[in-house]
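Okay, got some structures for you below.
Each of the two complexes below includes subunit A, the first together with subunit B, the second together with subunit C.
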Partner chain A sequence: MDFNFITLALSQILEPQTIGYALAALGLAVHFGFTGLLNFGQAGFMAVGGYSFAITTTQFGWPLWAALAACVVGSIIFALILGIPTLRLRADYLSIVTIAAAEIVRYTVKTPDISPITGGSDGINGSSDTFNALNPLPDIQYHLGIGTYNKEQLWIRIVGWVVVIVAALVIRQLMRSPWGRIVKGIREDEDAVRSLGKNVTWYKMQSLILGGVLGGLATVIVIIPTSLQPDNYGTQTTFFLYTIILLGGATTVLGPIVGSIIFWVVLSLSDGILSLLVSNHLIPITSIQQGPIRFIIVGIALMLLVIFRPQGIFGNKREAHFSA
Partner chain B sequence: MPESSTQVEQLQVGEPGPGVPKKDPILIVDSVTRTFGGMTAVDVAHVEIPRGKITALIGPNGAGKTTFFNLLTGFDKPDTGTWSLDGDSLSGVPAYKVARRGMVRTFQLTKALSLLTVMENMRLGATRQGGERFLPALITGLWRKRETEITDQALELLARFKLDTKKDDYAASLSGGQRKLLEMARALMSKPRLVMLDEPMAGVNPALTQSLLGHVLNLKNDGTTVLFVEHDMHMVQTIADWVIVMAEGKIVAEGYPATVMADPAVIDAYLGAHHDTDLGSLTGQLEVAEDIGSPLTGDIIEEIAEETPDAK
Partner chain C sequence: MKALRYKPRRATALLALFGFVLGALVIGGASAASATPGTLSAAAVSPADAPQSIDIWIRQQADRSNVAGIGATVTGPGGFSQTVTTGDDGHALVGIANPGSYTVEVDVATIPAAQGALKGVNPRVVAVSADNKAVPAYFILSNVAATPTPGDTNSPGQSSNSDGGPTLAEIILPRVATGLIFGLLLALAAIGVSLIYGTTGLNNFAHGELVTFGGLVGYMVSGVAHLPGWVGIIAALLAGGAFGYVQDLGLWKPLRKRGVALIPLMIVSIGLSLALRYLYQFIFGPGLLVTPNDSSAFLKLGPVSLRSTDVSSPIICILVLLLVAFLLVRTRIGKATRAVADNRSLAAASGINVEQVIRIVWVAGGALAGLAGALIGYYQPVNWETGASILLLIFAAVTLGGLGTTFGALIGSLVIGLLVDLSTIFIPSNMKFVAALLVMIIILIFRPQGILGRKSRIG
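Right, the complex of A and B next:
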C-alpha cells in the first residue's frame, strides 16, 4: 500500500490555501466570535478583496503595494455597503444581506459583459508577478520533509504565515484592549453597551471592516500561487470558515488558525485514506463517490465536536457552559 | 445639615400636582407622546425631576413607565416632544450620547454582560478610556494608566456593592439580585448626574432589597439624582423624596410620598376609577367614557338610544 497521502496531508500545513483560510477565519472570528455579527458572506469579502487585487495587478499593472491597498479599500467599501443599512437593525438582517451580497459578487464577476476585466468564469491568472519580483530567495529546490518547493512556492508560504502571525498578534492585542472589551460587550448585549455611552453601531462597523479586510487579504495569499476562480467564493467557502472557527474555538485567536490547519489536513487525510480503501476494494464505493463522502465525514466530525466540545479546541470551557 | 431635612424641604413651586414646576429641576420634559399603532403609550404634557433627590415613577402595569424611560434615554423615539437635562436638549439624541451626557439607565430585565467577568463589566462603564478607539487600542502604553485608574474605581464600587469577591467571575454566574447590583454599580462608573433605574427591586429577594435601597440612598448622598420606576408603593415610601404617578400614559399625580398615596387619582390608577362600576352595562360604560374623555362617548350614547326603544 502507498502511504504517500500522509505526507501529502501534512504538506497542507504549508499550503497557501490553508494560510488563506486561517486568515479569513480569523476575520470571521472577529465578526462572529468576538462581536457577535452573523456574517454569512465572508466569501464575499474574500472575493471583493481578491478581485480588487487581481484586477489592479493584471489589468492596470499597479505595483504590489497599490494593489494591496486596492484590496484593503475594496474590502472596506464592501463592509460599508453591507454595514450601513444593516448594523442598526437586528442581528439577523446582517446575515441575510451578507449571504446574498456574497452571491451577488460571485455572479457579477462571472457576467459575460464584464468578462474582459474580471475574466468571467475562468477567473484571473497571473497576479503573482509583482509579488514574485520581490522574492529574495536563491533559485534552488527546498526540501522541507513534507514537500519540496521551488523558490516561488516557498516565498508565498513564508510571507503568508508571517501575515497570519502578524494579524493574529494584532487581533490578540485588540481583544485584550478596551476596544475589545466593548466589542465583546456588544456580543453579549448591545443595548447594555449603548446604555453605557458607547457608539455600538460604529464599533460593529469597525469590526465588520477589520474582519472583512482580513478576508480580502486572505484571498491574495490564496490566488498568488494559483489563480482567482469565482466559484471558489461561493457559500460553501463561508461554511468551511464557520467549520474552522467552531473547530478551533470562535472566541480565540489561535482557534481559527489551528482550525484551518486541522480542517485541510483532515480533509486531505480522509481523501487519502478513502482512495486507499477504494483502490484496494476494501469499501464498496467508487472513486467518484469518494469526494462527497469525505465531506460527510467532516460533517459528522463537526456535529460531534459541537455536541461534545462546543467551545472548540482552544475555547474556554466556562464560556461555552454559560452560553449553552 | 442641608440634605437630612428633605422631608420638610419643599421641592416644588406651588401646590403639588401633575406637571408642577420644581425649584431646581435637572430634567424638564414637555409634551412627549408615543403611540404604538392606535394605542397611546405615553402622553406626558409636562414634568420636572428635582435635582439631587430620589424621584419614584410609579403606576400600574402598562402605565407607560418603561416606554417613558426608553424615550427619555434615546432607546425609543417619541412622536412629539422635547426634554432637556440641565438645559441641554436631549430630543433626538442617540442613546449612547444621552449616556455620555450624564444620564445613565439600567434595565428592567437585567442586562449583565454574561460572558464578561464582573470586573470587565465594570470597566465597560468607565468614560475617557482612549484605548476604546481602534488605533490607540493597539498600543497598550497609551491606555494602561487610565485602565489602572478605572480598575481602582471599579474595585471601590464593587466593594461598596459587596461584589468584590466576585470580580473575576463571569457575570453569568451571579444570582439575579447580584446582577441587579452589578448593573447599578456599572452605571455608576461614569459618575452620572442622573441615574435612571428601571424596576431595580424586581425579582430581588427581601434581604437584598434592603441593601439595594441603601445603595439608592447612598447615591443621593453623593449628590446624584435618581429617577426610578417601581410597582411597590411601600418600597417607594421608604426612600423616595418625590413621587410621580403614571396611568394610561399620562401623569395623573405628583407629590410627596406620604401624601401622594392618599390622592384619589392614585387610588384610581391602581384600583381603577370605576372599580365599582358595572362595565357590562352601557350606562356604566358611558360613565367611564365620559370620565376619561373617550371619543367613544358619542357611540355609546347612540347605542343606548338604539337599545332603549328595543327594551320597551
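Right, the complex of A and C next:
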C-alpha cells in the first residue's frame, strides 16, 4: 500500500486553494459571523473579483496594482448592487437574492456571446505573469518536507499566507474597535442599535463591502497558480465556505483560517483513504462513485456542525445563536 | 439535560433518514451499477501498469448504449499525447504516468452519422490526481441538438415549417406553450416550498432534492422496471410524500423541538441538499437518465405541436393544483394550514394541532415535488441535479408571488415559466435563467412582499 496520500493531505496547508478559501471564509465570517448577514452569494463575490482581476490583466494588460484595484472596485460595486435593495429586508431575503446574484454572475460569464472577454466555460488562463514578474526568489527547487516547490509555486504560497495573516489582524482590530462593536450589536439586536441612533443599513453595507472585497482578493490567490474556471464559483463553493466557518467558529478571526486548513486536509485525506481502499478492492464501490463521497461528507458535516456545535472549534456559544 | 435526552434519538433519526433514501433507491442503484463500468479493465486497452488512468466513455443518449469505434486524443503536460479508439463497451482506458490536467478531445470525424452529434463540451479537461484510476471522461452523443437544461422541453414547437423563416406567432406560441407547461411543473414544487415556509418559517434549500427524488423514482419505475408511465407518476407521488414525512419526522421535527433558530435550520437544509444530491450521484452516476416517452406529435394547434405527454401532464398539474386549492379553501385541515401559516401562536391557542398541520404540509409538499419530478422526466432526461438546478427558479416563483402565500406561488410559477422560455427570444438560451432571477431581484426592490403578499410579512 502506498501511504504518500498523507503527505499529499498535509501539503494542502500550503495549497493556494486552502489559502484562498481561508481569505474568502474570513470575508464570509465578517458577513455572517460578525454582522449576522446571511450572504449565500460569497461565490459571486469571488467570481466578480476574480474576473475583474483576470480580465484587466490578460485582456487590457494592466499592471498588478491596477488589476488588484479593479478586483477591489468590482467587489465593492457588486456589494452595492446587492446591498442597496436587500439590506433593509429580513435576513432570508438577502440569502435568496445573494444566491441568485451569484448564479447570475456564473451564467453570464459562461455565455458564448461574451466569451472573447470572459473565456466562456473555459475560463481564463495566464493571469499570473504580472505577479510572477515581482518574484524575488532565486530559481531553485525548494524542498519543504511536505512537498517540493519551484520559485513561482513558493512565491504565491508565501504572498498568500502573508495576505491572509494581515487581513486577519486587520479584522481582529476592527472587531475590537467601536465599528466592530456596532456590527456585532446589529447581529444581536438590530433595533437596539438603531435606537442608539446608528445607521444600521449603512453599517451592514460596510460589512458587506469589507467581506466581499476579501472574497474577491481570495480568488486572485486561487487563480494565479491555476486558472479561472466559472464553474468553480457555483453555489457549492459558498456552502463549502459555510462549512469552513462553522467548523472553525463563525464569530472568530482564527476560525475561518483554521477551518479552511482542516477542511481541505480532511477532504484530501478522505480522498486518499478512499482511493487506497478502492484500488485495493477493499470496499465495493467504483472509482467513479468515489467522487461524490466527499460532497456527501461535507453535507453531513455541515448539518451536524450547525445542530451540535454551532460555535465551531474556537467560538463562544453565547455569540453563536444566529437568531434571525 | 434536555439537550442530552434528544441526542441519541436525533442521531438515529438522521441515520434513519439516510437509510430511507438508500433503501428507496437501492433498486435503481443496482441497475445503475450494472450499467456503470465494473468490468472496464477486461475489454479496454490495458494501460499497462500505469498508476493513473483516464476512462473515456462514449454513449448514445437516447438508448444509453455504448458507442464503439470513436477516436479520441488525450493530451497533457510534458507533451503527452495518445490517440485511442473506444472498444465494444464504449470505453477506452488511457494510462497516465504523471498526475496533472489532461485534455480529452473526441475526433468528431469518427462519429457515424447515425449516432448524431456530440453533445456538451469537447474537448473536455480532466484532472488526474495521484493514484486516481479510471478518471471518467464522458461524452454523450445525441440526435437531439438541444442541451439538456431544465425548461428545455425539447419538443413542443419547432414543427416542420418548410416555407421560409418563422412568423412571429411561430416564434412566440411554442414558447408560450413550453413556458406554461414548465410554469405548471414549477408550481407543483413551489407550492410545497411556500406551504413549508408559511407554516414553519423555513426556506427549504433541500426542496430541489425532493423533486429529483420524484424524477428518479419515476425513472426507476418506468425506465428501469418498464412499467407504464402512470404507475411511475403515482409511485413518485407516493414516494415523494413518504420522503417528506420521513424528513419531517427524522430531521425537522426534532430540530423544531430543540428550538433551533431559522437561520441554522436553513443551513441544515443546505447541508441536507448537498448530501442528498451527491448521494443520488453516488447511486445513479453522473449521467442523464431517460424516461421512455412517445415523441410523436399528438395534437397540433397552429404552429404548436404537442406530444401526448405535453397534453396530459399540464392536465395532471391543473387537476392536482385545483385539488390543493380546494383542500386549502374548503376543508378543515386546509383552513387549519392557512391559520398556522397566518399566525402560528394564534392557531395553536385556538386549538389547532400545529405539529400535525406541519406534518401534513411536509407530506403534501414532498408528494407535489415528487410528482413534479416525475413529470419533468418526460420533458428532459433527469439526473442527480435536476431539482437543484431549478431550485432558484422555484424560489423566484415563490418570492414573486409572495413568500408564504400559496396562490401567489402558483401565479409566480406561471410568470417565471413564461419568462424563462420567452426570454430566449431576446437573450442567448443559456442565459434564460438569468432573466427570471433578475426579475426576482427587481420585484424584491419595488414590492418585496410579492404580487399577493401582504406588507406585514416582510418584517
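The criterion applied here is as follows: the second predicted complex is superposed on the first by the 305 of 324 C-alpha atoms of A that agree within 3 Å, B and C clash if a C-alpha of one lies under 4 Å from a C-alpha of the other, contacts with A are read in each partner's own complex, and residues count from 1 in each chain.
The working rule: a residue touches a chain if its C-beta (ideal position, glycine included) is under 8 Å from a C-beta of that chain, and two chains touch if they have at least 3 such contacts.
All values reported here derive from a predicted model rather than from experimental measurement.
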item: Partner chain in contact with A:192 - subunit B first, subunit C second, else both or neither; value: first
item: Touch count on subunit A, higher of subunit B and subunit C; value: C
item: Partner chain in contact with A:300 - subunit B first, subunit C second, else both or neither; value: second
item: Which superposed partner A:182 touches (first subunit B, second subunit C, both, neither); value: first
item: Contacts of A:28 with subunit B and subunit C, given as first, second, both or neither; value: neither
item: First (subunit B), second (subunit C), both or neither touched by A:64; value: neither
item: Contact residues common to both interfaces of subunit A (with subunit B and with subunit C); value: 322-323
item: Residue ranges of subunit C touching subunit A (in the complex, touch as defined); value: 10, 14, 33, 36-38, 55, 121, 129-136, 203, 255, 258, 260-264, 266-268, 270-279, 281-282, 285-286, 392, 395-396, 399, 428, 430-431, 433-434, 437-438, 440-441, 444-445, 448, 458-459
item: Sites on subunit A touched by subunit B in the complex; value: 170, 173-174, 177-182, 184-185, 187-189, 191-200, 206, 318-319, 322-323
item: For the subunit B and subunit A complex, residues of the former touching the latter; value: 73, 75, 94-97, 99-100, 104-107, 111-116, 120-121, 123-125, 127, 129, 131-134, 137-138, 140, 143, 147, 170, 172-173, 183, 186-187, 189-190
item: Partner subunit C, residues of subunit A touching it in the complex; value: 2, 4-5, 8, 38, 85-86, 89-93, 95-97, 99-101, 103-104, 107-108, 110-113, 121, 236, 239, 242-243, 246, 271-272, 275-276, 278-279, 285-289, 291-293, 295-296, 298-304, 306-307, 310, 321-324
